[in-house]
Structures are given as structure tokens and as C-alpha cells.
Amino acid sequence: MQARRASLPRFSYARRRGFTYACFVTPALALYLLTVVVPFLQGIPYSLTSWNLVSSQSAFVGLKNYQSLLGSAVFWKSIGNTFQFAVYYILFSNLLGLGIALLICRSSRLNNLSRTLIFMPYVVSMLTAAFVWKYLFNTVYSPLFGVPSPLGVQSQAMLGIAAISVWRTSGYCMLIYIAALQGVPQEYYEAASVEGANARQKFFRITVPMIVPAFSVNVSLLLAWGLKVFDVVMATTNGGPGRNTTLTMSMFIYNNIFGNSKAGYGQAAAVLMTLILLALSYVVSKFFRSKGVDA
Amino acid sequence: MKGSLPKRPGMAARRRLFGALRIFAVVAVTLLFISPLYISLIYSLKTPAEMGTGTPLALPRSFYLGNFRDVIVNNGDFRTGFVNSLITTAAIVLALTVITPMASYVLARSRRRVYNIIYYVFLMGILIPFQCIMFPTYVNLRAVGLMNSLSGFVIVRTGFQIGICALIITDFVRTVPTELEEAAGIDGASLFTTFWRVVYPLMKPINVTMLVLNTLFSWNDFYVSVTILQSPQNRTLPLAQFVYRSESGVDVNLAFAFFTLSMLPVLILYLFSQRYIVGGIMSGAVKG
Amino acid sequence: MKKLISLVLALCVLLGAASLAMAQEEPVTLTILHYMGNEVKLNAFNAIVEGYRALHPNVTFDSQALSQNEYITQLRTRVGAGDAPDIMIGQPAQYTDIIQAGYVMDLTGNPLVDKLNLTAADIGDCSWEGKVYALPLDFKTYGVIYNKAIFEKYGLSEPGTQDELDALCKTLADNGVDPWIRNYSNVTYPDIEVRAILWPLLMENGKLDAFEKLMSGEAKFTDYPEFAKALELWGRRMAYGRMDDMSNDTTMARQAMAAGQAAMIYDGTWAFAQIQGFNPDQRYGMFAVPRDDGKPNQYCVQLDQIFMVNGQSAHVDQAMDFMAYLLSPDVAGQWSAATNGPSVVPGVTVDMPEVIHVAMQAKENNNIAHAGNFTAQLSGEYLNNWRAVLQGFAADRTLTVEALTAEMQAAFDEINASK
């Protein structure tokens, strides 16, 4: 009798806890499954059809969409463009972010204020940033330097687009670098000074190895953002100037599904894009893991 | 030898010079970064007539508020967009602030396999680009009649944000000690009460950070809304802006007034809560 | 028995009349999707809508303006979502998938079309595969709009040949005046500028199915020397450029034109109200882009505001009633007066500015190349690629005509391969 009384509450407590846990997880999980996981799984069969957006007629075509995508110069061009953008974006955001972080990593009134202000562009929507910069390139930059707006020159358009994005994200990278720099123990530098190391040696032997985790965060984050680039191109060049000069993967997909009414074909491109994203994220995280970072 | 170094006469002067150069560099870089925002503001404070004269970058002669008035009073698209953005952002942020901490708490505390699997499902999900689920989302919303509706947008935008939020908050909860909840449990409080009375308040720093960041993401969203919302009465601010600029024959000052007004709410939010955003990003908690 | 039957009949009539009356009272909302984005057109259209509502208080309008670049995508997205509007602006040949899906009403033989007494070319422009699918309100032409004060200052007159145009540009440039202001960042403009020479050449050589054959892959661009000629002359015009040719948007270019920053702009009749609005004191003239072979220069003509009616809509009758109202001489005249859009509706007499008058005169004299004469016009992906490649020609002046033609062919080949 006594044993039963003692075990009953414990049993029901564990069960109750299990039930409460399930209740806690259910809303988020259900919504997530419905809006992300299920559509993702649906997308795979859709990519095997010749779905036309307007009339909803679709026929199973097997791997034909994938086949013609892999043979499509435009699709490859969009991948190339996206990579080009991602390289500019990651490189310059990190260089600027790290440079500024080194300049203002110590806390002072001026440094804290400029930190706040330099991060500010990140808060502005990509779309607004793109519109503002489009005007600025044409009405301020171009007359000031006597050169055409980069958005109108084929060889520079992607660089111009990247500049807008870099302006927006450098502040983000800067914050992560500042956090990392502040975490480097001052004693290391002092010890190095005692041993007669110069500033360059200190930077490459102490600072760089200590902030590798920050590199890792910034590179993987910007890689994921950069490969999805969409709004900024839509708002500035819309793929031009000229044919597909700045067309990105995301735009290729959007244009095919909605603009050209080739939903099955566009969906196949979306599946390929996801694979590319997954593969690259894996490679990058593996690279940093080999450098001893867990990120 | 070490002690004699600073005493060399040239050294102090060089240091002062470096200090001055550093301050100059900091100021220059900062101004460069905020100059586009400055230009947006002054463009929207100038009359069209003033644009043609003199340097476009100079401060406006008088603070002309006519452009703002024109956008607010005469531009129905702006007003509709503004109201829709407010409603949807509030709904999305509220939903995320309630349901993700609940889920994250369980993911952090329970050692059961099923929750571990769920954690990885969330983790895989954040790697899926929206482009990949864009068309299926369109098909599903169409089937249930939620295409072109604000509620459809709220549901999809919230769902798409859950994965990353849940992961960040879970990582945070793992750092929160369990003693307090255990004490509450011994006192006989139900788990439900314990969570809301004891744990949720402890999660405040991360919750506020996420609240601010989610506000930014929803307010600035373009790629989800452009898929779901088409009719003018359902457009959010970025969509209204997207339609507004191109062919409609707007003059530059009005366009910039429109841009400035759409940036203003998030800039104000940022300046008031920058401690949380900056703190959140610097603590390394926020990765997306 | 007879009594009973007559009673039933009377009841039926009564009920019928009552339901008819009720049907007329029933509130109806007509959704109109269009790209009449600029203020002038938008206000004029809203005024007409209000006029109609005064006569039919039960009808409300949901009139939605989209930007022209986004229009096709947005229309498709909506139609695909089962939310097709009642009335859609647009030239039928651009929306064949929507027609095929049954959303566009066949208006062949409709009295409303007959009443417009359209020319064969006009009919061609609102048809697809031999059936009429749209109702036009006005037409458009494009040409060189020039600043009269600048021309007078340097003693210049409208050029009749490409050589004269070159000389004119040189005079302006020598005097430090920019001959042209351009807005090639909008992909429509390179396209309509190439047409200026291309369409008249194709038409006089009887190659009316050129676009149809290019899209089907039956013919290659190199089969038509007209393309090379049109590009060559465009290249000569582009020899005189400005730094902002590729980065001005449409409005900025018109503003600069109105401010007298350049002598000429290649734009359409639709632009004129706005250009004039920026600076009412400026005087303008218009001429057709000159050729280099001494033959008469022609304007290209297309229908402008052109409406398709959703045949599956629950309010088809109401929509057609509105169209009849819109296309009545009074209302069409009201539109033309407000927008400077030259009407196609018979009986409209409105005083037009000189520039528009020139265009109307050309159409009356049939000194035009009308889009409706082609068996098909470029549409969908073909049109997008055509425009993008042309924009590339404007952006990269080192490109040769041959290289450009090859790129265009590659683009078309690839579209056909993906089908």
C-alpha cells in the first residue's frame, strides 16, 4: 500500500512531464513541419513534372528538367554569377569587418558610438538599401568620380551589387570580430613583447589563430546569405545590364516558376540549389573543423 | 632597457600622432558608412527645385517636410504597406516569442532521443533556402485559400523563422543552470508554471535579442512576401516600395521620403535596443 | 386551368423581373489589373471609374496598378492562384498561357469591337491566332522627341536621313550640348529604339512572319539582314552618349530632358504628358528615326491601353458594360484629353499637343509600321532575352553586330531547347 502510494506520484510526474514536454514542442514543431519540411518534401516530386503555373496542368517527365538544367548555359551562368557575388561579398565584408574591428575594438566613447553607427546599415532592408544605392551611384558617385555607375557596366555590375551588400553586412562581421578580439588575453601580447616580437608577428602569431572561430562564423554565415542573393539584384539590375550578366540562382528560380510559368523546371533548379548550398556548407564547416574550430 | 623606451623624446609625439590618425580614421570610416543614410535623409528634406541647384549633398536650405507629408497623406500604397507591415510583424514576432522558447526549453532539457532528432530536424531545416519551398508553399496556400492573404504570409514567415530561433534559444537554455527549476519542482509547482514563472524570465536576454532580430527580419522581408502577397491592399512595405519605384514616375525626393519613412521604424527600434542586438551578436549566440 | 396557367406565368414574370431588379442592385466589385502606373494616367483612369460609379452605384472597383516590369509575373502569379482579375490590361499575344487556360474572353464578332471600326492592323494587334481577345482604347508611337529651343539656338532642323542626324549630333556635341538623354537601364527602351528601323524594314520586305519563325526556330537571325541594319544604325546613334545612359531610370531621364540637359530623347507618346509636366515652358517636336537609304521614315505603332476581359469571371456582363462605357466617344475623349493618348475610338476629337498630333497624322496617312501587321510578336522568354541582349549591346559598345546577332540566336536556341 505504502509502496504503491510512493510510486504513483513519481510515475505520474514523469508521465505528466513527458506530456507537458510534448505540449511545449508541438506548436513550434507542427508549424515548422507544415511550412518547411512538408513543402521541402513536396518539392522533390514537383521537380519531376512539367507543371505550368497558370493552368496547373502537369505531367510526370522524370529527370528531364534536371537534364535540361545541366545542359542550360543560363543556369550555369546563374551559378557562376552567384559564386562571383559570394566571393566578393565574403571577402570584402570580412576584410572591412576585421579592419574596422582592429581599429575600434577597444572600448571608448568614440569607438562605441562608431560601432553602433557602422552596424546601422544592417538594420535597413536590403531592398531599401538597393534603391538608395542605385540613385547614389547614378547621381552622386558617377558625377563625383567622372565614371559611369557600376550597375550600368557589365564587367562591374556584380561588384556594384556586392558593394551594396558589403555595406550592409560589414558591421555584422565587425561585431563578431570585436567580440573575438576582446577575448584574446592581454597577457599573450605582453609575453610576446617581452620576447621581442614586432606588431606584424603578434598579429599573425597571436591574433589570427585566436580569432579563427570568428572567421568560421563569418564565412559560413555570409556563404549561406551570399548564395541566396535575391532582393538586391531584383531592385538594382534585375539581371542586367545585358543578358543574364547578374542573374543569380535565386532569380533564375523565381523567374522560371513565376515569370516564365515553368514551375517544374524552376523547382528542379531549386532542388539543385539546395544541394549546392548543403555541399558547400559541409565543405566549409569541415575546413574550419580541420583548423580546430567547432562551428 | 625596457623602461627607457617611452622616455625617448620622439616616441611621445609619434604616439600622439598615431592617436590622432586613429581618431581621424575612425571618424572617416563611420561617416562613410552612414553617408547613404544621411543622403537619404537630406534628399527627402529638399524640394525638387532645390535638387537642381548647387551640390546635391549639401544640407537643405530649410527643412522641407512636404515630401514626407506627400508620402504619408497622398500615398495610399505607403499607408497600406505600413499598416500591413505593422500587423504582420507584430503577429510573427509574438508567435515566435511564445512558441519557440517553449520548444527550445524542452530541446535543451530533455535527454530523450525523439527531442534530439527534432533538434537535428531544425538544424537541417535552416540550411534549406526559401527558394526551394517557394513553389510548394504557393501550391499549398492556394489549396487552402490563404494565397494573397496576410494570415498566409504570417504563417509561412513564422514557420520559416522557427528553425533558427529554436536552435539559438536552445543553445542559450543549455547554459542556464537547472537548480532553480528543480527547486520549484520540489515546491510542487507544475512544469507549466515552473516554465513560465521561473525559466522564461531567466531567458529574457535571449528572448529580447530574438524579439528585436525577428522584428527586423519580418519588417524587411521581401522574398517570402513577394511570393505570397500580390494585391495592393495586402502589400507590406518592402513590396509597396518595390512597386512604387520603377515605372510610376516618382520624383527623386518623394522616393527618398518613402525610403526614409520605411527605414525609420527599424532604425528607431535599433537605437533603443542596440544593446541587445550588439550584445546578442557579440556573445556569439546569434548566427542567422 | 387557363387562369391557373396565366397566374403561374404572371408569377414567373414577376419573379423574373424582381430577380432581375435584384441582380442589378446587387453589389459588384470589378477587379482591374493594369500597369497605368504614372500619376497622369492613374488619375485619368480613376476619374473615369468614378464617372461610371455615379451611373452604377452598386459597382465598386478594385483597380490595381503594377509596375510594368513586374506586371506579367504578378498577373501569372495571381491567375495561377485562382485569383484572376475581371479586367486585365495587356496585349493578348503576351499572355497566351492565360488565354489557353481560358481566362480571356473571345471577343471575335462582338458588337463592341465592330463599333470601334478598327483597321486590319489594329485588329491584328488585339488578336491571337485569328481571334480577337482585347479591346483597345488608344494607340502609341515612339520617336525622337526634341527640345525646340536647343534646335533653334544652333539652327538645326529635323533630320531626314541618318547622315543628317550624325551631322546634327556633331554640331550639338561640338557646342558642348549632349545630343541624347537615355534610360537604357529600363530594358524596354533599347527594344523600342531598335524597332524604329527594324519594323519598317521587315514590313516593306514582306517578312511579316519573321518573329513567328524566329520563335519557332524555323528561321535564324542571320536570315534577316534587316536586324543587322537596325543594329548598325542604332550603333551610329549611340556614338553620342552620356555617362548616365545605362543608369538613368525612366523618370530621371525625362526629368533631365525637361530640364534641357540634352537635345533629344527617344521616347513614346505615353511619355509626353509627364515630360511636359516637369517643365510646362519647354517646347518639343517629334520626328521618326531617320533611315540611311533615302526611303521615307516611319513611326512604329502599337495599341497602347488595351484590355482583356476574364471570361470566367462571375461579373462578365458588368465588366463588358464598363468596357462599353470606357469606349464611348465621350469617355474615351476624356481619357485622351487627360493623358494625351491618341484615341482609336471613332468620334473622339480632342486638341492634342504638336508631338501627339504628328503621331496621329502619321497613322492617318498610314505612314507607319504597325505591330498588328506581324503574324506574331516576340513574347515571354523570347521577348525578355531579346531585350536583355539589346541592353547588352548598349552597355558594351565594343560588341559587333555579328557577335550580338550570334548571342541573340544562342539565347533563342536555348529557350527552344528547354521546351
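Letters A, B and C mark the chains in the order given here, with residues in each chain numbered from 1 onward.
Basically, contacts are C-beta pairs under 8 Å (C-beta built on N, C-alpha and C of every residue); 3 or more make two chains touch, one makes a residue touch a chain.
What you see is a predicted model; the values in this text were computed from it and never measured.
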Next on the checklist: Going by the touch criterion at the top, tell me which pair is linked by more C-beta contacts: B-C or A-B.
Outcome noted: A-B
Checklist entry - Can you name the chain that lies farthest from chain B, using the mean of each chain's Cα atoms as its centre? => result C
Checklist entry - In whole angstrom, how far does the Cα centroid of chain B sit from the Cα centroid of chain C? => result 41
Item to check | Length of the line joining the C-alpha centres of chain A and chain B, rounded to whole Å | outcome: 15
Checklist entry - Which positions in chain C touch two or more other chains at once? => result 69, 77, 80, 249, 252
Checklist entry - Which positions in chain B touch two or more other chains at once? => result 138, 227, 242, 245, 252
Next on the checklist: Two or more other chains touching the same residue: where does that happen in chain A?
Outcome noted: 139, 258
Checklist outcome for this item: Within the complex, chain A is touched by chain B residues 22-23, 25-27, 29-30, 33-34, 36-37, 39-40, 43, 56-57, 99-100, 102-103, 105-107, 110, 115, 118, 121-122, 125, 127-140, 155-156, 158-160, 162-163, 166, 190-192, 195, 216, 219-220, 222-223, 226-227, 238, 241-242, 245, 252, 255-256, 259, 262-263, 266-267, 269-271, 274, 277-278, 281-284, 287-288
Item to check | chain A to chain C touching residues, read off their complex | outcome: 52-56, 68, 71-74, 134, 137-139, 142-143, 146-149, 151-154, 237-245, 255, 258-262, 265
Next on the checklist: Can you tell me which positions in chain A touch chain B when the two form their complex?
Outcome noted: 16-17, 20-21, 24-25, 27-29, 31-32, 34-40, 42-43, 46, 100, 103-104, 110-111, 113-121, 123-129, 131-133, 135-136, 139-140, 167, 170-172, 175-176, 178-179, 213, 217, 221, 224, 227-228, 230-231, 234-235, 249-250, 253-254, 257-258, 263, 266-267, 270-271, 273-274, 277-278, 281
Checklist entry - What residues of chain C sit close enough to touch chain A in their complex? => result 69, 72-73, 76-77, 79-80, 97-98, 100-101, 103, 184-185, 187, 243-249, 252, 380-381, 384-385, 388-389, 391-396, 407, 410-411, 414, 417-418
Checklist entry - Quick one: in the complex, what on chain B touches chain C? => result 52, 138, 141-142, 147-148, 227, 230-233, 242-243, 245-252
